[in-house]
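Here chain A shows up in two complexes: once beside chain B, once beside chain C.
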Partner chain A sequence: MRSGVPAHWLLIALPATVLLAFFVLPNALLLSASFLKSEAQQLTAEPTLDNYRFLFTRPLYLEVFLRTFAVGIAVGLIDIVLGFPLAYFLVRSRSRFKGLLIALSLAPLLASVVVRTYGWYIILNRFGFANDVLLNLGVIGERIPFMPSTGAIIIGLAHALLPYAVLTIMGSLNGVNPNLESAAMSLGANRTRTFFHVVMPLCLPGIAGGFILVFSIAISAYATPAILGGPATQVAATAIYNFIIQLLDWSLGAALAVILIVCSLLLLYAAARLGARRAAL
Partner chain B sequence: MNGDHTTDNELSRRAFLQRASAAAVLGLGVRDVWGQRTDDLVVNSFGGEYQELFEKAVIQPFEKKFGVKVIHDTTGTSSQDYAKIRASKGAPGFDVAAALSPPEVILGAKEGLLEKITEAEVPNIKFTWDKARKALPPVAVMHTLQFDSLLYNKDKLDKPVSWADYWQPDKRYGAKVKGHVINYNPANLLSVYALIHAAELGGGGASNMEPAWALLKSQKPWVGVVVTTSAEAAPHFESGEVWISPYWSARAGYYISRGIPYGMVVPKEGVIANIDSASVPIGAKNKKLAYEFINFMLEPATQRAWCQAYFCSPGRGDITDWPKAFVESQIVTTQQFESVKLPDLDAIGVNRKDWTLRWQEVMG
Partner chain C sequence: MNARIFSARWRATSGPWALLCTVVAFVYVFSLGPILITTAVSFNQTNRSFFPPRGFSLRWWERALTPEWLDPLLFSLKLGTFTALLSTLLALPLAFALYRYRFRGREALVALTLGPLMLPTLVTGVGLLQLFQYVGWREHIGFAALLVGHVVICMPFAVRTVSISLQTLPPNLELAAASLGATPVRTLRHIVFPLIKSGLVAGAVFAFIHSFTDVNLSIFLARPGEVPITVKILGFLEFGFAPTLAAVSVITLLLPLILVAIVERVSGLGDFIYGDRRG
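Showing the complex of A and B:
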């Protein structure tokens, strides 16, 4: 007679415990801190909604959230547009160097994001490579401060996160039978029509997955926005860091983090639903 | 049987040595990966140029004298270090917080996360500046002093004489200075002090910062670089991008000594002093050694070596044999220290968050 806990419960017990201990519990503490008052940088036991009221009534923080989500959407779209052709080429290529090409396209993941971001810092700063080239070509008359700016953050993150989009789309493209393309073309569809009416719809779950993955990492990214945006071009992660670490105001930092998590979950849920529906069509 | 004349169940000498070596390497590896031994003293301070100088002038002589190993944790600014102390409820993994600034020390005393330090633990505390002892809660020991000076590029600008030359650079230097002014986030105490100077220029002060915000708005179009930490500003001096900046006197002195074409001035309105202090978190593992380390930082020989290496003023006033050049640029006598303006630490502690938010609204 079999008795005791079902095997699938045992399988998920360990990851569930880890998630509970290192994700749910800290987030529960964060949530509770967001409803407590801070006085002179000290957390008190007095419950309050002031932290949320403060954040929702200051234009600065509305801007921070708008910038965060604009960065996430822009980076997601750029990486899908750049990643799809690359993934398509890597999947369909019959070159004997295919393995090497895949490794090369994913190589940026091997370097620290800080190192990659400083590469952009060297290129984009007022006395950097981009300004030197544009000045020498006579395109600009005086140096342009490309950074700190939201644009610089988008460029840096789009570069850093491109491999995630490529990997996800490649997974989806690998599942598309190439014979379907041949069949479509044998029935009279040209390459463009085959691509948009056969390949793309079948890859939608991968595209949606790639977008969601890149978007999620981009809206919570800290290092790249901190380096390319500086203290005056804040996104949610740098603002949270500023509250908790620099200003030692845990209540406002926690409230900002809770808003970010809730907004992200809602957007991700909407994107996942949309992706699933389009894929089912 | 095999060639070594052992059965399958027996261990050959070669196999034994291989396994023993692997175990030893693994053991050493684990220890190295794990890093710290329980008897090591962990001292937290700053990285960058500070690290090398501090290790040479303070840490290495301490290790030699006491025969112990010091692990130098160079991560974080003062507020980041205190954030670690707070998040760990006083057990941040370091035994000495050697670079806390007064706002963090005051908060640490209020939150009960720093040990009280008296003459019993640190005998040299009695030699520290009397005025500094009164300004700090008894959980920190002042070891050095800096002030907020004005740093300027001698190749590009005439010598500034007033804080107004920084806050209204266009009035003094004209259009050429556009994009070559730096501004700091008030998460850095340097920015707070500079804003207080701005408020004072307009007739205000720490209790009325409105003139500072007006000056910040008028300065913004001329600002080319915005950073948080003082270390982040250094590459902009080296590249020649920034021509005028408030800067800690010690770091300014250090960079000038390295040959960058910059000069440091004390503006006519005066400067505000920053007390560098050391504390022991309540959960520190090696408290006895931590107190010894703080005491050692105040020894005359250590003070001489460290202050001359880092261009900062000493934490005690009874050392008299300073070189002439050092005396001319630093605060070494009680009379000099009495004339130093210490900041209104309570006002800074209470208002710093609001000032930072206001700064962000202007600069964002």
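Showing the complex of A and C:
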């Protein structure tokens, strides 16, 4: 303004510096480490593609990728199936308790994933609630361990990420005029037809956006797979943790992290193309 | 009016609506059940996490309130508070610049701002650990590293809520104040700030909660003695499952809940959840 420096540069200088130094720089370092060779738990300066070659050829890590994606898809689908009715109900309900019901559906977000997953541990472990109930009902003859297993990871993550699906779908349902449904019904369409031909197509971007959001959080989740899974059910996040913290192999850990970043970015690009806007900037 | 006709039609043929309500009830049980079960388990008399709880005792709660658990809890509270303050302070000028000015590189800045929301937090944690080791700040791993990391991952939330509240601010107001002789600082203090206060508060609350519940970043940047409560619980889960953990879990759930309830009463949060106040 008065001086030579435009006002907006003064405003963004500090926050942009913080983001560049502590977000862009670390990620750039990680990217470069993924192309460097590790020897005796130390990064060397020797460039190589071996880290990626290693991850993409070992059956163990192919299985990790496969499991990570299978978990992401399953969790996304479960959360859409459970989240859509809830979102539809919350948007269309005229109940006196609507505010409370919305708050209750989002309340789990206030608890850490660790806390919410602990609840599933109590239910699913060998001496847990699920086993007690099934034994008493006579469904099973002896106690079976439901965890560690991929199924337990899927249930735990579906539970942890449900509010994200509900929020995204509610956002798009809010934009669907209820009069359209009345109009379709007054023109003779029954409820099923109205639902599948009017409501669903209109909030498809919200459904797709919710799926992608849940999927992208699920494939990088650490806590739930660490608690409900085990060494035999590794996913990408737990494998990264093992490389970095236990094996001290920065190269492989970084390469796996970069693969995770690329997947997340591709997904979010797809979400943006589908019109699911996440931020009101 | 139309909505009423609509819902009357729904109820006239109550079958589908009743079915929907049944499904919704099931989803609520699925969503809230594990949290309620955890709460119940914390009152067990035995030292195993039985549900339904056997007997009733408060001894796990007593144990949850010893320094072993209170220290990480206080550490998380401190970390969350500093994170909320710093990320909101940094978000305010950023949101203002993005909202008010059109300049070259604005799109890039938006991408930079949203970046921490887009990339997996876990990866940022690994990167920060590497950065701190690389530049020789090993002794700062712990509170300082955690604070930096949490500020970075929480800033997008604060930028977002501040942006939303800026949308409701008519730009003429500042011109009006200026034409009446107010200095920019005075305009900011007496006109802009009071009008976007709720956005700042909401941003700080979301940042606090995001920091308080984070695991993915914290597992890489904690050090013995400087451990957030979530990482402490996670570490403990690998060894034992005494009902103490259930009591600690309930405490960590209650703190954000109380915070949100208070702020919702005082200044309102609901407007900021959908992302568009007018929507």
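As a convention for this text, the second predicted complex is superposed on the first by the 241 of 281 C-alpha atoms of A that agree within 3 Å, B and C clash if a C-alpha of one lies under 4 Å from a C-alpha of the other, contacts with A are read in each partner's own complex, and residues count from 1 in each chain.
Heads up, the rule we're going with is that contacts are C-beta pairs under 8 Å (C-beta built on N, C-alpha and C of every residue); 3 or more make two chains touch, one makes a residue touch a chain.
No experiment lies behind these values; they were computed from the predicted model shown.
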Partner chain(s) touched by A:Cys203 [first = chain B, second = chain C, both, neither]: neither
Considering only touches as defined above, state whether A:Glu63 meets chain B (first), chain C (second), both or neither. first
Once the shared chain is lined up, is A:Pro231 touching chain B (first), chain C (second), both, or neither of them? first
Determine, under the contact definition given at the top, whether A:Val115 touches first (chain B), second (chain C), both, or neither. second
Return first, second, both or neither, reflecting whether A:Phe127 touches chain B, chain C, both chains, or no partner chain. both
A:Ser105 in the overlay: touching chain B, chain C, both, or neither? Say first, second, both or neither. second
Looking at the overlay, what does A:Asn242 touch: chain B (first), chain C (second), both, or neither? first
Winner on chain A touched-residue count between chain B and chain C: chain C
Does chain B (first) or chain C (second) touch A:Ile261, or do both, or does neither? second
Which partner does A:Ala165 contact after superposing on A: first (chain B), second (chain C), both, neither? neither
Residues on chain A lying within both footprints (that of chain B and that of chain C): 125, 127, 244-245
Chain C touches which residues of chain A in the complex? 6-8, 10-12, 14-16, 18-20, 22-27, 29-30, 33, 82-83, 85-86, 88-89, 92, 94, 99, 104-116, 118-123, 125, 127-129, 132, 159, 162-163, 167, 170-171, 174-175, 178-179, 181-182, 185, 191, 216, 219-223, 226-227, 237, 240-241, 244-245, 250, 253-254, 257, 260-261, 264-265, 268, 277-281
Show me the residue ranges of chain A that touch chain B in the complex, using the header's touch definition. 40-42, 58-60, 63, 125-127, 143, 145, 148, 230-234, 242, 244-249
Contact set on chain B toward chain A in their complex: 77, 79-80, 82-83, 86, 107, 110-111, 179, 185, 187, 224, 226-228, 239, 241, 349-350, 352-353, 356-357, 360-361, 363-364
Within the complex, which stretch of chain C touches chain A? 2-7, 9-10, 13, 16, 20-21, 23-24, 27-28, 30-35, 37-38, 41, 48-49, 51, 90-91, 93-94, 96-101, 103, 109-110, 112-124, 126-131, 134, 148-149, 151-152, 155-156, 159-160, 163-164, 167, 209, 212-216, 219-220, 229-230, 233-234, 237, 241, 245-246, 249, 252-253, 256-257, 260, 270, 273-276, 279
